[in-house]
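Next, two complexes with subunit A in common: one pairs it with subunit B, the other with subunit C.
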Partner chain A sequence: MRDLVRSYGKTLTTIFVALVCFWVLIMIVLPQAFMIEQSLWTMQRDSALGVKIDRAYADLATMNYDLGNARDESAKTALQAKIDALQAGISDMEQRETKPHKIYGLQNYTAMSGLHFRIFVKSIVYALAVTVLALLVCYPLAFTIAKLATPQRAALLLLGLVIPYAINELLRVYAWLMILDYQGVINSALEALGLVSFQDKTWVPFLEYSGSVFVALIYAYVLFMVFPIYNTVETLDKNQLEAAEDLGGSIWRTHWRVVIPHAKPGIAVGCIMTFMLSVGSYSVPQIMTRGKSGDWFSQLIYRQFFETQSWNLGAAYAFSLVLVCLVFILLMMKLFGVGIRDIAK
Partner chain B sequence: MSTQAAGGIAVAPGAAAQSRGIDWSNVVLNAYILLFFVYLFAPLLVMSLAAFNAYDYPSVTQWRGWTLKWFDALAGDQRMIQGLLNSLVVALGVIGISLPLGLSGAFVLTRLQSRANTLLYAVLVSPLLMPGIILGISTLIFWKRFDVPGGLFLTVLAQASFIASYSMLLFMARLQRQDRDLEEAAQDLGASSLLLFRRITLPFLAPTIATAAVIAFLQSIENYNTTVFAIGGDWTLVTEIGSRFRFGLSPEINVIGVIFVAITIVAATLYVLFRKRELMAARAR
Partner chain C sequence: MHGKNVELDKVVMRFGGFTAVQQTSLEIRAGEFFSILGPSGCGKTTILRMVSGFIEPSEGRVRIGGDDMGGRGPARRPTALIFQNLALFPLMSNWENVAFGLEARGLDKRTRRERAYELLALVGLEGKEAQRPGALSGGQRQRVAIARALAVEPAVLLLDEPLSALDLKLRQYMRAELKAIQRKTGVTFIFITHDQGEALTMSDRIAVMRAGVVEQVGTTDEIYDRPATPFVATFVGENNVLSGTVAEADAAYARIETPLGPVRARNQDALAAGQRAMVFVRPERASLVNGHDLDNRLTGRFERRDLEGSYVNLFFTVGDQPFIVHEPNLDRQAALEGEVRLGFQADDAVAMRAGALDDA
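After this line comes the complex of A and B, so read on.
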């Protein structure tokens, strides 16, 4: 802190620290904390409360009538005490009706139905598959561009990667909708080959399969794997490759012992980004299924907030997703032996 | 796909080795790269082509002749145009919030010598490592307690929470290359810290501020997953496109696609040419 004040003076330091505090508290930590808090309670719902209140009012009327008819003074005071107690009970119940009690507990986490849990697992498994496949596709590509292509060609190839990367995710996924549609590109090709017939509606309903979401997820997020790996491989000294070759290292060994260890942070970042984007993607399943075939986990979360209005359950689902991502990040950091400083660069 | 990938791995290193005659590994490698680029661009081509098809449903296979009528339809689409304006408002708001936050974060982290440094760093980059929908949800829940409903304002805050992290990383990378001697010399000569900041630190950061603003702008315009949770009853261009997918598709969306593709290609090409010129100028010096 002293270093900060010495460099920028008291006024600026105060401003910087205040802004950072605002960012940390109001935009990151407190929203997360509130989301977790929301996931930890449910409203107590006593549907019999209204009936109970009605009955109490009826009792109250009878007692008041009795009070008017009572002649004995001691009976009157006893009755009055009963009336007061009942009235207190009524106001308590009325307060509970307008302001229901929160009940804290893990009920939102344990309430996940079998169907929702299967969707949760399916989303994770598919995201893992997307990550592995993207890594297999991108590693040779990143290595070729970084180390084997001439500088001019590398620049051109990078430009070719940046263009689709910069185009909106929704539109890129939409392109696949047109390819996989009932009368889309693939079915038309199949028809031309005489394999399906549009008239008999024997087309392949690709969009009804989870596989079409998988195809679109890969297409949408594969480039998030290329750039981090490219960036790390690019800094590898070419002499190291030549030395490995001169020493008789096989191609596989060179990659296993020289290139991959060097590219570890890039591979970790690529895997984390690809997994996180795939597992939390709302856009891709929403466009590909168009709400017609089975939901994905992100769509379930959306429904909790905007269709069934069960925010507590929605918050619990959302935080479960955060936990999955957190576990994945920690696993990657452990597997590749990198720290938080290496992965967020 | 997977066989392609396996073939690529087996071959990529092979290209480093010199073989006699036709370098087969090189041929396979080039074919692999070509295939990958076809995979990247063919869907975009399909989408763009359908924007010019007279057929009412977006398609390239049921061709009913060339037309520009979908461009007219888009130009007359008030909701889309309002969505674009909303997107621009949000993007400006995001730039206005995330640049000061990113700068402050970078200053504090580069100068704070403390054990809390790593923790603070982890918290400030955490929005980048979290699914976008989570940022939208947590912002929505937080502000609900203060009776602020979803809308453009919450969208700005939710987007800025992670876009500020991007700018912070850019500023940190730049600050690490800063020569501290210059600042110390100015201080020794009696410059006030405000003057020092204005005359030395800010000019040094100026190119990065421009880059960060452009990146923040693009990220904000593109964003869907965070926005869709924070937007409430309002809409941006991208959430409007998203909601159109639910109700009948129209080639109007393809027209937006064509415009996006065209802008991106022009911008990327200009950037490369600009960089090339810069490099040549640097070499000539």
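After this line comes the complex of A and C, so read on.
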């Protein structure tokens, strides 16, 4: 802190510190805290309360009618007392309806149904599969760009990777939809080859397979895997590759013993990013499956928030996903033997 | 382990329109310590890469032990390369580094380990087997690199300026060490360097290169005492240069008219009267006249005296060019001043056809 003041002066230092505090508070602490708080309580709502209130109002109307027709003064007084009591009861019930009791506890976390839990596990397994596939696609790509291509060609290849990202993610996913659709690009090509027929509806239903979601997810997040790996492989001394070759190392051995150990931090970061993005992706499974195959967990969370109006359960679901991601990060760090510092690089 | 000979047969290397190595034929003998000496960019590393198999020559053949190496990659040649930056694998222990080549040959772990430990012992690194290269000093890393290269039992060891990153003391020590390892193993060493001192102290023979051309191949003494070209004369060791025109010449000697007067020197290139010529005199072969009977005499203005230890460098200006004389560092030297008479014997000077000098 004192060094900061010495280097930048009091004004700038104050601005720096204020910005950092703002960032930590507004971007990290507050939303998470709000989510966690939401996930930790439920409303105690009497489901019959609405009916009770309606019935009370009906009774009240009857009583008021009776009151107007009553002749006896004593009966009138008694009726008035009843009406007052009922009105107090109504306002109490209305109070309870608008401001129900909050009950704190872990009930939202234990409330997940068997079906939802299956979807939860399935989504994690799918995201892992996407991560592994993306790694298999991206590692050779990153290595080629970093070590085999000439500088100009490497620049072109990187540009080719980045250009699709100038287009909105939704449009990119829709592009894949068009490619894989029943009468999409691939099926049209197959029809042209006489392998399928649109008339007999013998097209390949790509979109009904989870694989189509995988393809779109890998495509959507390929950069997040390629760039970290590219960055680490790029720093590998080319002489090391030549030395390994000179000593008789095969391509596999050279990668296994020399390149991959060097690229570990990049691989870990790429896997973490791809996993988190795909496990939390909403639009890709939504668009690609169009409801033809089961929900992903992210869609479930969406439904909790915006269809069931059950924010507390939604928050608990969402926070469970965050926990899974945290566990995944720790696992990757352990697996690849990299520290948080290596990843931050 | 035993060395094999390396033969470059009319080898040419072009990169696009640039010819890195002009047509070159070289014969490196089995078990020899052979240096390729030249300034950076002269094509010496290109030759090394052609021998190791990282590049194929545009023309000509490379033969090792009589076998044509055409189409054979680095892994399939009986060579091992020590890189300028050593290129040790930083994430492996030293013994694993040494054992990498054995691993690639499919040896089991126990054999690899034993062999690696033996080799590390050979280069004097007992006790460092389990450490990583990063934990070692520069000289020790050098030895790991040598052990790693020797592990694959190469017939030819190629060294790409491996000493250039070391400090002076260590460099001198490693020169002796390399030489000793070469003697012990009998492997052919091809050593690339731009440091003429390194080449002279270690090599059996040297090839001096300039701009893609091998200017001279010879033993260290031949290179130093009988340089074939003006470039070799100035690149290897120090030399005083006097330019002029041949006035008269016979088979043994030539008289050259220089702006500083006539100079008599050995006629190496069979020069004839009227040709442009350069006369080279090593500083240690020139001396102050001091009553000596010298064939050639010059008058120089004394500039300064640099102490080099066992000898002193005396700087003069002769005419308008510098002239250096090495004198043994004897206590009885009188202080020099002003105009001084210098000279050298005709047998200690060599006249050759004028040509490119080392411009460094």
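Rule of thumb we're sticking to: the second predicted complex is superposed on the first by the 265 of 345 C-alpha atoms of A that agree within 3 Å, B and C clash if a C-alpha of one lies under 4 Å from a C-alpha of the other, contacts with A are read in each partner's own complex, and residues count from 1 in each chain.
Keep in mind that, in the parts below, a residue touches a chain if its C-beta (ideal position, glycine included) is under 8 Å from a C-beta of that chain, and two chains touch if they have at least 3 such contacts.
In this text, all values refer to a predicted model and were calculated from it rather than measured experimentally.
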| item | value |
| --- | --- |
| Touching partner for A:261 - first (subunit B), second (subunit C), both, neither | second |
| Contacts of A:50 with subunit B and subunit C, given as first, second, both or neither | neither |
| Partner chain in contact with A:29 - subunit B first, subunit C second, else both or neither | first |
| Contacts of A:38 with subunit B and subunit C, given as first, second, both or neither | first |
| First (subunit B), second (subunit C), both or neither touched by A:245 | both |
| Which partner, subunit B or subunit C, touches more subunit A residues | B |
| First, second, both or neither for A:237, with subunit B first and subunit C second | second |
| Touched partner set for A:211, first subunit B, second subunit C, both or neither | neither |
| Touching both subunit C and subunit B, counted on subunit A across the two superposed complexes | 245 |
| Contacting residues of subunit A [partner subunit C, same complex] | 237, 239-240, 242-250, 253, 257-258, 261-262 |
| Of all residues in subunit C, those that touch subunit A in their complex | 52-54, 73-75, 79-81, 83-85, 87-89, 91-92, 100-101, 103-105, 148-149, 151-152 |
| Residue ranges of subunit B in contact with subunit A within the complex | 1-2, 4-6, 8-9, 11-17, 29, 32-33, 36-37, 39-41, 43-44, 46-47, 50, 58-62, 100-101, 103-105, 107-108, 111-114, 118, 120-135, 137-142, 145, 157, 160-161, 164-165, 169, 173, 183, 192-194, 196-197, 201, 218, 222, 224-225, 228-229, 238, 241-242, 245-246, 249, 253, 256-257, 260-261, 264-265, 267-269, 272 |
| Residue ranges of subunit A touching subunit B (in the complex, touch as defined) | 1, 3-4, 7-12, 15-17, 19-20, 22-24, 26-32, 34-35, 38, 133, 136-137, 139-141, 143-144, 147-148, 155, 157, 159-164, 166-172, 174-179, 181, 183-185, 188, 218-219, 241, 245, 251-252, 254-255, 272, 276-277, 279-283, 286-287, 290-291, 298, 301-302, 305, 311, 314-315, 318, 321-322, 325, 329, 340-341, 343-345 |
